[in-house]
Each structure stands twice: as C-alpha cells, then as structure tokens.
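Following this line, the structures themselves.
First chain A sits with chain B, and in the next complex the same chain sits with chain C.
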Partner chain A sequence: MLITIKYFGQIAEVTQREEESLEFSGSLISELIEYIYSKYGILKKKDFQIAQNQELVSLETKISGKEIALLPPFAGG
Partner chain B sequence: MADKKIKNVFRQGAISSEFIGDSIAKHQTKTSIGAHNIFLGQVRADVIDNKTVSAIEYTAYEDMANAKFHEIREAAFEKFELTCMHIYHSLGTVKAGEICLFVFVSSPRRKVVFKALEFIVEAIKADVPVFGKEIFEDESHQWKVNS
Partner chain C sequence: MNRYNRHIILSEIGQEGQDKISKAKVLVIGAGGLGCPVLQYLTAAGIGTLGIVDFDVVELSNLQRQVLFGTSSLGENKASAAKKRLEDLNDSISIVAYPEKLTHKNAVDLFNQYDIIVDGSDNFATRYLVNDATVITNKPLVFGSIYKFEGQVSVFNYNNGPSYRCLFPTPPEKGTVPNCSEIGVLGVLPGIIGSMQANEVLKIILGLGQPLSGKLLCYNALNNQSITLKINKSASEIETVLDKKDSFHSQDVEEICDIEIDTISITEVINQTNIQIIDVRETHETPKVDSLDVTYMPLSVLESQLDKINPEKTKAIFCQSGIRSKKAVSMLKAFEIKNCYSLIEGASEINEFCQSADKLKIK
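Moving on to the complex of A and B:
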C-alpha cells in the first residue's frame, strides 16, 4: 500500500522533511514505526503520538489508512 | 447556533486587538446574548537558561487540527447553552506580548460562559495538533510543550 507519512515540529526537524511517500507491506503501525526508526534513529529518543487518517492510534493498530502522521507534543494556545 | 461545516480556525501571524474588537462589535445585533467571555492566549517571554523567548513560530497538522477544533465546538454546544462561539489560532510567527489564541463564547446568561470557556481552552491545549517553536533572542530555539 502507498502510504504518506507526515512529520511535524521537532520530528520534521529530525527527518528534515515534512512528508514522504512509500510503498509499505507491513500490517501494523508498530512495523511502520520500526521502519521509520531504521531510517531516522534519533526519533527513538523523541516523544510523539501517531495519527492515522487524522485520528490518534496505538502501535497495535492495523494500518488501514493512506496518511500516517508523527505528532510531537502539542503546544497550542 | 451550531454550524456543521468545518471552519478554518487558523490565522497567519498574531491576532490583532482590532480583530478582537471587531468580533465583539459584530455581536451587538445579537440581542439575546447577555454575557460574553473571552480567552486571549498571549506569547510569554519565558527566560530559560538566561535566554529570553522573543517569539513562537506555530505550525499545525491543519486538517486534523481543524477537525479537532470542530469536535470541541460541537461538544461545547452540546454541553452548554451557548448562543455562539468563535475560535482563532495563529500560525507562523507571533512575537512575545502578541495574541496567538482567541476564544469567544456568548450565552444569554453569565454562569454558562465561565464554564464553557474553560472547557474549550483546556480541550484545545490537550487535543489539537499545534506545535510551537520558541525562538530566543539569539535565534536559537526549543520546542514548546503544553503543561
């Protein structure tokens, strides 16, 4: 499945890009995160939540959506 | 009135006092309102390790953030007897002392607006994917985290 991964704030600062698209065959969010860690090791030390199609999900969630986002701590207001 | 359409809450740069004043003026025709309550978030010049924050640069996951603002809106109209509600949040650079968040609630009676405003502001802080880069006077930065 073709997935778009979006990065924000200090996560985007590490990945040095705001999004990328990739063909991914894994089934769980955790597998995708492992893949992202293999690409950007420093992210292991960063705090973030994961959204799939704009809803927060856990590592055990199945990948069903086309848009996954890595969200650092919120700072609105 | 509850509005089902998802609005764009974001404004580029600081929210001016003229904009806030105009918003208040626009409600003078809505004479069922007896009480307004307003929250203004202002960028604080925090001092961290002897360095002073001069501005915050805001970014957001805009689609998700607008959807979350919409959910908060719907929840607030469900929970409280509100006549209307407006939320505006800055994107981009907002200098220390400038306004980055404007929440405006109105109701026939006062007690509701105190509770509603706190509910809305706390939900924004906790649930909306907005990110803030605190820029220091020497141009170094750190990432803001809501506490």
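Moving on to the complex of A and C:
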C-alpha cells in the first residue's frame, strides 16, 4: 500500500522533508514506526504522537489509511 | 459611538453577545509571544476581567515579537507592563497583573477565579501544570504553542472534551525539545497562533461556531498548510490528574523539573566570603548548623521567601541528606535565580567538617 507520511517540527528536521510517500506492506502502526526508525534512527530519541487519516492513533492500531502524520509536542510561546 | 459597535452590528454577536464578553473572566498564562496578541485582542474585545500571569521581565530580544512592549518597558515585569499598555487600549475593563510564577501552590486558587484559561507559556513544566490545574478546576483551556515556523492550537477540557495529556500524556525527556530562546522563532508566528487562541476564547464565550475541542490545529507558516487532527479523550489520563487533586498544591517540583543540578562540596564553600549558605530544612529539624552564617528558607515556604536570596552571591544549599537541597536548586533555577548549588553534605556532615576545621585552627 502506498502511504504518505507527514512530518512536523523537529521530526521534519530529522527526516529533512515535510512528507514522503512509501510502499509499505505491514499491518500495524507499530510496524510502520519500526520501519521509520530503521530509516531515521535519531527519531527513537524524539517524542511524537501518530495520526492516521487525521485522527490520533496508538501503536497497536491497524494501518487503514493512506496518510500518517508524526507530531511532536512544541513548548514555545 | 459605542466602542464595540462593530461587534454589536454583527447579528451573530449583537448587544447580547457583547454583554457576554463583558461578563467573561479570562486568565492568560504568560505575556510573551503568544500572550501579547491574545491579551491585545481580548482587551480590545472588552473581556470584563483579564488576568495576566508572568514573572519575567521585558528584554530587548522580546521586542521582535512581543508586540505589547516597547523600549520604555525594558526591565519591567511583563504582567505589569502589559497591564499598563492594555489599560490605555481599553480603560473600561478590569485588568489584573500577577507578576509571579505559576506554581502548583497558586494555580488552582487562581484558576477558580476565572472562566477560561489561556496557555501562552514557553516550557513543558508550565504547560503540564496549566493542563492539570484546568482539569482539576474544570475550566476550558485554550492552548497554543510554537516551534520555529509551526504552531499548534487546541481547546482542551471543554464540555467534557480531551485534555492536553490525552494528546501528549507525559512531558518529553529533558533537553529534547528546544524552546524559542534556544532555537529562534519567526516573529509573526506567535502573532498568528495567539490571534487564533483569542478567536477560540471569543467563540467559547459567545457560543459561536465550533471551538477546537477534541482537535489539534497544526499550522505551518512557510507553506501555509494547516491540518486539523482529531484527538480522543483518554479517561485514564484525566482520572490520573483528578486523583492527585488533594495533594496538587504540594506536588513535587522535581517531577516536572528537567534541569541538571549542580553540586558543590563543603570544602569548596567554607571560608568563602562570596557564598550564601542556605538551609532548606523545616524550622524544627536538627542539628542546626550554628558555626556558619546560615540563611533559613524551609522548602515548604521557599517560594515566598525569595527576597532572602542574595543575588550577588553564590548560593550553597543544604538539607539533611542532599535530596531536598537538589529540589530547592531546581526550584530556584525555575525562578531564574543563578549560581545555585546543592551541597553534597547534609547538616550533620557539615557540622562534623566545621568542628574538625576548628580543631585544626586551634592546633
């Protein structure tokens, strides 16, 4: 399945892009995150939440959508 | 001509809506990049009572984005300087400045006096404190935060909706997320995000449109893209906060503090003239350290005795064992008090050291 991944804030700085599309055959969000970790090791040290089709999901959620977003917290004000 | 004419002639607001605005009480945490536009628009809109919490002072590097201040406010407390400017903008509302730090001790009492809380703070410790205190007091929280060219906006704890912890359950590990002062921020970004927060406040007061409850709006100033993500409520996260309700005011500061504590040994402290030695044990605790010039600031009342601190001197802080002294250092650091060290030795060891040092002198 072709999945588009959007990166925000510090996450996008690590990946050096705001989004990318990739072919992925796993079934769980956790598998996708493992794959992203293998590509961008530094992300293991970053906090982020995951949204699928614009809804926050957990690692155990099944991949059903075409759009995943990785969202870090911001402290600034 | 009525000051609020342009509101009143909107059929969606009218005199009735304007009356709601003038009865509303809104508390803004932080008069910085986000707080300034929030305060400016809410003052102009005629919010009845507007509270401003900020312990910090205006610095030159703030003026790039904190639009309520000018060069004449440099060095002034931000809450007081903002109040002064805002009273000129609208003298028919009540503006209350709290030139102090928001703490677990004062948050709940303060929040209880207002209808809506706006978070314009600049660190995770305060953001989680604000969230938890709004959960406990059951007040809607209009949230905004920024990072370089991006911003997040949401409304938490509104009509039984999710809280900030339902989105990000725990603060990130120390030092992993830089703030504006470390990494920079586009000056206009907090202007945009803060204006969105002011908009959410007015929508809540007026019952207009759909407040961003259960949703996180993410805005990118560089590509003008914004997406809105759905957040689900986590009953267990909210429950965990409510469970701490009774002990909230005395909650451990260390838990939310993410700074390294510098330590110092009594051998480096003794006979130094430029050192202030501080005992943070409670008044009944013994043994006293009588042989040294000690300032007593019990941890339980530390925050109310900051005037005892000598800003010119290095602070060496001790307690019974070295745990509370570290806590005290982290608290003082949070108040931006510099040159604070936790003494490795506890009171008994300090006394022993002083006695043996005295014996050496006699010989």
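Note that the second predicted complex is superposed on the first by the 73 of 77 C-alpha atoms of A that agree within 3 Å, B and C clash if a C-alpha of one lies under 4 Å from a C-alpha of the other, contacts with A are read in each partner's own complex, and residues count from 1 in each chain.
One rule holds for everything that comes next: a residue touches a chain if its C-beta (ideal position, glycine included) is under 8 Å from a C-beta of that chain, and two chains touch if they have at least 3 such contacts.
What you see is a predicted model, and the numbers here were worked out from it, not measured in a lab.
Asks: After superposition on the shared chain, which partner residues are touched by A:38: those of chain B (first), chain C (second), both, or neither?
Replies: It touches nothing on chain B or chain C.
Asks: Can A:74 be said to touch chain B (first), chain C (second), both, or neither?
Replies: Both partners, chain B and chain C.
Asks: Is A:16 touching the first partner chain B, the second partner chain C, both, or neither of them?
Replies: neither
Asks: Touching A:51 in the superposition: chain B (first), chain C (second), both, neither?
Replies: Once the two structures are laid over each other on A, A:51 reaches both partners.
Asks: If you tally the residues of chain A touched by each partner, is the higher count for chain B or for chain C?
Replies: C
Asks: Share the list of chain A residues that count as touching for chain B in one structure and for chain C in the other.
Replies: 6, 8-10, 51, 54, 69, 71-77
Asks: Show me the residue ranges of chain B that touch chain A in the complex, using the header's touch definition.
Replies: The touching residues are 41, 56, 58-61, 63-65, 67, 89, 100-101, 121, 124-133, 143-146.
Asks: Under the definition above, what is the set of chain A residues touching chain B in their complex?
Replies: The contact residues of chain A facing chain B are 6, 8-10, 51, 54, 69, 71-77.
Asks: Can you check the complex and tell me which residues of chain A touch chain C?
Replies: Residue positions touching the partner: 6, 8-10, 18, 45-47, 49, 51, 54-56, 69, 71-77.
Asks: In the complex of these two chains, what residues of chain C are touching chain A?
Replies: 30, 32-35, 119-124, 127, 144-148, 150-152, 167-168, 172-173, 176-177, 179-180, 185, 190, 216, 218, 220, 223, 227-232
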